[in-house]
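This is the structure, below, for whatever I ask next.
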Amino acid sequence: MDFDLSEEQSLIKDSVTRLLRAEYGFEAREKHRAEEPGFSKKIWQSFAELGLFAIPFDEADGGLGAGPVETMIVMEAFGRALVVEPYLASVVMTGAALRHAASAEQRAAIVPGLVEGTSRLAFAFAERATRYDLSRIAMEAKRDGGGFRLSGEKTLVLHGDTATGFVVAARTAGAPGDTAGLGLFHVPAEAQGLSRRGFETQDGMRAAELSFADVIVPQDAVLGDPEGGWPAIARIEAEAIAALCAEAVGSMERMVELTVAYIKERKQFGVPIAAFQVLQHRASEMYMALEQARSMAIFAAMSAGESDEAARRAAISAAKVQIGRSGRFIGQNAVQLHGGVGVTMEYEIAHHFKRQAMIDLAFGDADHHLKLVADAGGMDERD
Amino acid sequence: MDFDLSEEQSLIKDSVTRLLRAEYGFEAREKHRAEEPGFSKKIWQSFAELGLFAIPFDEADGGLGAGPVETMIVMEAFGRALVVEPYLASVVMTGAALRHAASAEQRAAIVPGLVEGTSRLAFAFAERATRYDLSRIAMEAKRDGGGFRLSGEKTLVLHGDTATGFVVAARTAGAPGDTAGLGLFHVPAEAQGLSRRGFETQDGMRAAELSFADVIVPQDAVLGDPEGGWPAIARIEAEAIAALCAEAVGSMERMVELTVAYIKERKQFGVPIAAFQVLQHRASEMYMALEQARSMAIFAAMSAGESDEAARRAAISAAKVQIGRSGRFIGQNAVQLHGGVGVTMEYEIAHHFKRQAMIDLAFGDADHHLKLVADAGGMDERD
Amino acid sequence: MDLKFTPEEAAFRAEVRAFIAENVPKDARETLRAGRHVSKDQLVRWTRILNDKGWSVPHWPVEYGGTGWDPIRQYIFLDEMQRAPAPQMLPFGHSMVGPVIYTFGSDEQKARFLPRIANLDDWWCQGFSEPGAGSDLAGLSTRAVREGDHYVVNGQKTWTTLGQYADWIFCLVRTDPQAPKKQMGISFLLIDMKTPGITVRPIRTIEGGHEVNEVFFTDVKVPAENLVGEENRGWDYAKFLLGNERTGIAGVGATKERIRRLKEIAKAEPAGTGVVWDDQRFREKVAAVEIELKALEMTQLRVVSAEARRGHGKPDPASSILKIKGTELQQAATELLMEAIGPFALPYEAEEIEGRNEPPVGPDYAAPIAPNYFNMRKVSIYGGSNEIQKNIIAKAILGL
Amino acid sequence: MDLKFTPEEAAFRAEVRAFIAENVPKDARETLRAGRHVSKDQLVRWTRILNDKGWSVPHWPVEYGGTGWDPIRQYIFLDEMQRAPAPQMLPFGHSMVGPVIYTFGSDEQKARFLPRIANLDDWWCQGFSEPGAGSDLAGLSTRAVREGDHYVVNGQKTWTTLGQYADWIFCLVRTDPQAPKKQMGISFLLIDMKTPGITVRPIRTIEGGHEVNEVFFTDVKVPAENLVGEENRGWDYAKFLLGNERTGIAGVGATKERIRRLKEIAKAEPAGTGVVWDDQRFREKVAAVEIELKALEMTQLRVVSAEARRGHGKPDPASSILKIKGTELQQAATELLMEAIGPFALPYEAEEIEGRNEPPVGPDYAAPIAPNYFNMRKVSIYGGSNEIQKNIIAKAILGL
């Protein structure tokens, strides 16, 4: 057991940190998200140059062959800086879809564009009634000649408004709630019959509603077994949650840092408010919540690649519970300790607070995952 | 709406308070509970002289015809002083049984002894599997000639070891969990076939296990309908909970008082520890928890006599939730703020802490009652 | 001790409820039930309906348009307003500067301002907070210098709620910087917002809305007749003002209304094979808030009833409990709304406050939920932060 | 970064687990699984089994009987001990005075005391706390006056855990009352409990047990050779001692074992038509504790691993997290046990600690539950209260 970063890992961390420090201060971030696609294309290209998009892919596919720890390092740094570029959507989520479902030929066709940053995919799974159960998908993919015809609506597609294509989860058999009968389809954004409506999200990012009116895709758009997509979907979810946990920890870390700095500097009644013991203790509690969350983000990264599904699910859910709780506690108290300025758009802290709230609601909030852990009998040791 | 005490109520409050102040300091209390029956017979007689035993009974039965507010006043005072005498068991619980189930003749026979304090009844309902559902009673009462034959075991009978008689809930029909088929029986302690084993409780009181080996009771020992005792049992429970809420509030009030006094006096690092802001805030939070609990104890007293069963249950359960939570919060923090001496038998605070824990577990803990409120759809306003 | 409302009180409640039900503008009520903010126009219309009935400033002395209701009736009225829901009176004229004027103002000020407050002819805003002062209100530095029959005001105020609509602002200004204590040397001025030299800059708040402002004063000339009471005694009037707004601070009725909406949404929002409300844990969380709220309602009634006994206008330090618990529960209800709506909290409608153009993403009740949650973080900060309230309890009640 | 145990570490864990399983006395294990205290005899037997194996003082330098294990292995060993469960070594000799003696003691002291500690031939207790000092340890007033080749000790110690069994006590005593700071002028003395003038008075603790004592010293003559290190430098040794006991402070393994028992009881205890474990909310509360515990275990591994990197013996201020969260979870687990057993927590068995005579009231696993809950309140008080730990985090980590 070793918590030190390897040389390669340190390299990734240092280069991302350096780039973000130079190009992604809070004011720069506000400029990036005001740019046309909702993020900075220049920054996106810098990420590509650092090789960040290659991280999760196998070397055979043109990737770095790195794993969840490297993703954790990147996402944590992104969380600190509140990065709005579609890394989670394109590299983590659809990247996982390609790794777990696509054939070598499909990967050869799609991965290079992702690694270079010239294409950006988004993962379309959510529908009106999906909520936190990814098997609850109704959208149909019907066999049509050599390919499939997709009809229905997707919503809350992260970064779907500017993606160059989608990985779409749709139903080839069964009914919403069945894990069998789901397939993953690669659909280019310009496909005939596909329309989208983009919208801003509460945390300053972008997403879209998609409407599929008899969109025809060829056979080679099917990633893996068109009725057996569930294991890949479950892995996408696990890897997305692990990445979100890391992002959340980066953001929490930044909130603790900002808050500690703020209370040291802010004066009231003639003294820095850090002189008040209740605020000291609150900051200590925030720090503890951060460290507990960090531990669980590490645990999630350790477990994201776990092949035993029950163990993986328990670990990922447990991490999501801790992150949700720590994130809420830290976020609410960071705002509280900032006082009035904490509830303005002009200060960084409010943006972290909102991001935390949205992370909690992504793929199931803390209580949803607590129920999953409880229903599985708890965190029984399997060793 | 008026929260002031009436003249009669003030009189009760003053006289109880005066008596307890004189005779029921912490050291005196420890002496009282070391006496043979587990309490002080002298104090018991003083309560009788003050007329406290007459409170809930109708004037026609020799009582004062007072109600839940007067019971609240007495129980709150008892809570402050950690009174160990069997008032709850004898006057509140079996008193409620007599008022709600017994005939005028039965009351005429039993109530005078209770009011004078010469007899003390205990309410025997719990069995091994009853937990918090009073309909889950298995003990049988079979018709036998003109009366009934009782067989089975009762446990956790508060003050059952020295009671002169019992009100026993037993099943004449149906199965555990049915509300129909339950009857209430008045059984003298010396009844043939009845044996008991007394034991001490965690909070320094006494209780007993009872064993009924074919105990024969005559027809006039049946309080009310032998198959229709449930409504009376439900009322006993509601009145007992309301009384416990008031007792808990008295004890919480005393804990807040003791803790505030302690931190003002106790010095560390050269200053009274009350100078530390975290302890000031903790004390403020304890005070808030106390006032919220007090409000709900009042609400419980308001609602204990409510005839609409659903409204009564919701109100009583809500009060029990609040009392449980406030009691735990105040108790744990009172001990914490007392530091080492808080976990010794030599200080009053530990005894309040233990009493609160036992009150929480009596008739259902906070989460049990929270579930009841939730299952009933919440605290919908009925006005 | 009689813990039921008297028949007279119950009848009063019925009367209030009926009046509100019949008279509150439907559009305003629907706006509120959807968790959105009412417009200036909606508020003005409703205030004038109440004023016609004689109920727009119920707590004022009868001679200035008040009702003469006792505190319990005032509580019932407010509770019914929050529960209806009907637009609540803006506090700035109604509960803040109004009582200051009728208590400390000149006869001319009374005659000039009070009727216009009661009818919301003048929209007032508050000029107390300054940047860098926070909870240390008396640390203000906006200066007013007497020059002939005018004061000349220079400085900056902040957190000025709805100042963008205001006709008038009441300000604390420093008139004697040499005073031995910072609380001395402060005066209370009424300033026409149309006076040259006043600039209002919007502050965008966390949820994206425009609710508060900064107000800048550059050589603003204020007639001396707009001084309330005596020069350099403004701090006394401010303390009176701050201690005055107690009833309703807990927002019990508003939280009840929010929980009603929460249940409605939880019963509509799909989850698994059913709806969110099917989840035991969720129902228990709602019940836990309802129970604390019931306790708080009782606590509030006790405070109100004690006030009725003690006489009006003396703030009870126990009202700090109302502030703390009340805001905690307001926040808890908005948290539960977020949990109920789940992933559909995500879309942001920039136009939300002004009225929407496009169909919503997800259910139509979703859009205000996240903004409300974000925005409600302010309630534990403003009006004396909850930390300050705990200091008050420790000192004023527990003697620590 | 490699977040799995290495194969060597896994093999080590298996070896430890197997050894404990085969060798821990069955009666002691059963006592612990039932949530009861082991007896002195049980503890002595187990310590000697470990000592025969060379594992009774694993963290000590090899020359004094230690194992040379790295911090990760020490952690694994302790975790397995707690989870087995096996009786834990008493800290007083093992982790407190032992390391002080081998670090600061004379060769004679090392030779005389260390082997007897490793074999639990001497039962040690701690004489630091005094009445009225609390967390302000340096405020002690027990005096030791040098007279020839002896010190004469007068004063009082308190909270002396298991002092009723002790052969020796290590004490902080004031040798120079004129020292300019209270931390100066303190010395560290080893005192034979059989010396005339020592009286031990039991303190009955909240749950009814006898775990701690007051120890009174009246003209107690202590040979000067029993002074550790230099006179008036005792505070340094005390700080060393207090900073030394870090691994295992969180009690993760012990809480895991408690949760195992909790689940067993919740699955046995009747509720409604089923058992306590059927209740979703209850299972979720248990899961919530398990999740926090998993997080704490990871946090602890991070601290241990950082210590492995940084070198032994330097306390990490992050270990304050372990103390706070660890004790909170220990308390949470005992609370849940109370909730699981419900009404059958009520009966009190006076004889509980010494062994029972009568059949229990209710299920046989009930009796220790309430006493454990009561007794566990101490863990957030002692060893530097959790409030003090938060001060440490604020100052040492956050720089506040």
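Just so it is clear, A, B, C and D label the chains in written order, and each chain counts residues from 1 on its own.
One rule holds in what follows: contacts are C-beta pairs under 8 Å (C-beta built on N, C-alpha and C of every residue); 3 or more make two chains touch, one makes a residue touch a chain.
Listed by chain with UniProt protein names: A, B = Acyl-CoA dehydrogenase; C, D = Pimeloyl-CoA dehydrogenase large subunit.
Fair warning: this is a prediction, and the values are worked out from it, not measured in the lab.
Colleague: Select, from C-D and A-D, the pair of chains that is joined by more C-beta pairs in contact.
Modeller: Ranking C-D and A-D by C-beta contacts puts A-D first.
Colleague: Farthest from chain C by Cα centre, which chain is it? Let me know.
Modeller: Chain centre farthest from chain C's centre: D.
Colleague: How many angstrom lie between the CA centroids of chain C and chain D, rounded to a whole number?
Modeller: For chain C versus chain D, the centre distance works out to 53 Å.
Colleague: Return the distance between the CA-based centres of chain A (Acyl-CoA dehydrogenase) and chain D, expressed in whole Å.
Modeller: 43
Colleague: Determine the centre-to-centre distance between chain A (Acyl-CoA dehydrogenase) and chain C, using the mean Cα coordinates as centres, and give it in whole Å.
Modeller: 39
Colleague: Hey, what residues on chain C touch two or more of the other chains?
Modeller: Where chain C meets two or more other chains at a single residue, that happens at 280-281, 284, 387, 390.
Colleague: Going by the touch rule set out above, which residues of chain A (Acyl-CoA dehydrogenase) reach two or more other chains?
Modeller: Within chain A (Acyl-CoA dehydrogenase), residues 276-279, 281, 367, 370-371 contact more than one other chain.
Colleague: Which positions of chain A (Acyl-CoA dehydrogenase) touch chain D when the two form their complex?
Modeller: Answer in residue numbers: 1-6, 9, 69, 256, 260, 263-264, 274, 277, 279-281, 283-285, 287-288, 291-296, 298-299, 301-302, 318, 321-322, 367, 370-371, 373-375, 378-379, 381, 383.
Colleague: In their shared complex, at which residues does chain C touch chain B (Acyl-CoA dehydrogenase)?
Modeller: 1-6, 9, 13, 72, 256, 259, 263, 280, 283-284, 286-288, 290-299, 301-302, 305-306, 309, 318, 321, 324-325, 387, 390-391, 393-395, 397-400
Colleague: Which positions of chain D touch chain C when the two form their complex?
Modeller: It comes out as residues 280-281, 284.
Colleague: What does chain B (Acyl-CoA dehydrogenase) use to touch chain D in their complex?
Modeller: Interface residues on chain B (Acyl-CoA dehydrogenase), with respect to chain D: 126, 128-133, 136, 155-156, 177, 197, 199-203, 207, 209, 266-269, 276, 278-279, 332, 335-336, 339-340, 342-346, 350, 353-354, 357-358, 361-362, 365, 367, 370-371.
Colleague: Given the complex with chain A (Acyl-CoA dehydrogenase), which residues does chain B (Acyl-CoA dehydrogenase) contribute to the contact?
Modeller: Those residues of chain B (Acyl-CoA dehydrogenase) that touch chain A (Acyl-CoA dehydrogenase) are 276-278, 281.
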